[in-house]
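Next come two complexes built around chain A: one with chain B, the other with chain C.
Moving on to the complex of A and B:
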């Protein structure tokens, strides 16, 4: 099955966007984003802390619906999912 | 009533939203938090549109490194208070409006007082702690918060209507770490225009606002996106507001 990952803002600069990837059934949200972001250590560090947990400010969405960070490790991704990962943009 | 001079000044936009709309703008009071990258274009365009009363707050002094984006301030203003510079420019660009520039740091003790009886709050801040304060004030006063944020070539904007849309904390519950962010002037120019357009539409009561929609701009790819955002019933900032409103009725 395939899913599409969309990174925004700084995450996009580091990791690109609209990444379409094949995933095994039962893959959890956190593992997917971990795998995809590992291709750039700076991208990984922007999204995850040293324990491999999402930074608390990271926003996760699955098909337009918010996924709480606390639930991401036990939320499976499904075929055709569109996943958005973004930070709040702070400058003014 | 509009003066003859105002009739002439606003002629081309009166074609768009009528005399009555222009009078609504003239009666309006908008609070702009920040006279920097976002606050500069927002205040200039709201001033020329004829928003009758503009309060703009900033605590900083103009620095040379501000000038790539903060177009309210000129080279000759380096070292001057941003509020002094802002007040001067806004008065010159439209002498028919009232401008009140306040040189103060917005904090929890003064935020509600500073906003006063404004019809809306424009978020032209560069950090989340103060944005959250403005969000609280907007919720307490039941007035909109026009949010904008930028970094490099990226920007975001949304319009928060307390009780109707998610608040800033529903969308972004946790602040990102503070940083000296890269910024190219065109980005706050563009996001500031999205915010200013929202302010005008809100005051005029026309069009569709960015309600429950986070507008995202990627200048590098020249792509605009929209993310649907929802209220968080457990939100620490607005979670209780609906209940209170319901209890009142």
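Moving on to the complex of A and C:
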């Protein structure tokens, strides 16, 4: 199955965006982002702390809806999902 | 009009359109690129989500403050010093509601709408840190 990952702002600069990737059934949100972000150590460090946990300021979305960090490790990704990961917003 | 777009807008035309029947006050908020020793500003948005959230904020503000009209236009792309970033136009029967509604909208945008700014300087660039909401931290 295939999902799309969208990083924004500083995360986009480090990791790219609109990344379409094949994932195994049962893959969890956190595992997916861990795998993809490891391609760039600076990108990984921007998103995860030294324990492999999302930095508390990171914002996660699945199909436009917020996913709490505490729930990400047990939230499966599904075929066709759009996953978004971004830093705190600064519009206005 | 609720939009996230690269182009500028005619604020005068928005004011004219905001004067619905019963209007006693129109408040315009115009956020502009400040001259903080930058060469330009780059703005980026998670557009689909940002538009939906702006629509929700407009709807909430309309209900809460009995606004007669709301426009929110947030620009993205490269903007020079002095250019418009965000235009909010609201109308209401009386000025307290118009002011309060406008203030509510800008504060809600800053809390959670997925838009980011990068200030470009002659030495490089820096992301403007988020100053509100979920998990305040480095951007």
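Please note the rule applied: the second predicted complex is superposed on the first by the 88 of 92 C-alpha atoms of A that agree within 3 Å, B and C clash if a C-alpha of one lies under 4 Å from a C-alpha of the other, contacts with A are read in each partner's own complex, and residues count from 1 in each chain.
Everything below uses one rule, namely that a residue touches a chain if its C-beta (ideal position, glycine included) is under 8 Å from a C-beta of that chain, and two chains touch if they have at least 3 such contacts.
Predicted, not measured: the structure shown is a model, and the values here were computed from it.
After superposition onto chain A, partners chain B and chain C are found to clash with each other. Once the two complexes are overlaid on the shared chain, A:8 sits against chain B and chain C alike.
Of the two partner chains placed around the shared chain by superposition, chain B and chain C are both touched by A:59. Contacts of A:25 after superposition on the shared chain: neither chain B nor chain C is touched.
In the superposition on chain A, contact of A:89 is made with both chain B and chain C.
One listed stretch of chain B collides with chain C once both complexes sit on chain A; from 81-89, 99-107 or 189-197, that stretch is 189-197. Residues 8-10, 12, 55-57, 59, 61, 64, 84, 86-92 of chain A touch chain B in one complex and chain C in the other. Within the complex, the chain B residues that touch chain A are 34, 36-39, 123-128, 148-152, 154-156, 171-172, 174-179, 181, 183, 188, 216, 218, 225, 227-230, 232. Those residues of chain A that touch chain C in the complex are listed here as 6, 8-10, 12, 55-59, 61, 64, 84, 86-92. For chain A in complex with chain B, the touching residues are 8-10, 12-13, 55-57, 59, 61, 64-66, 84, 86-92.
Listed in rising order, the residues of chain C touching chain A in the complex are 31, 43-46, 48-50, 52, 74, 85-86, 106, 109-118, 127-139.
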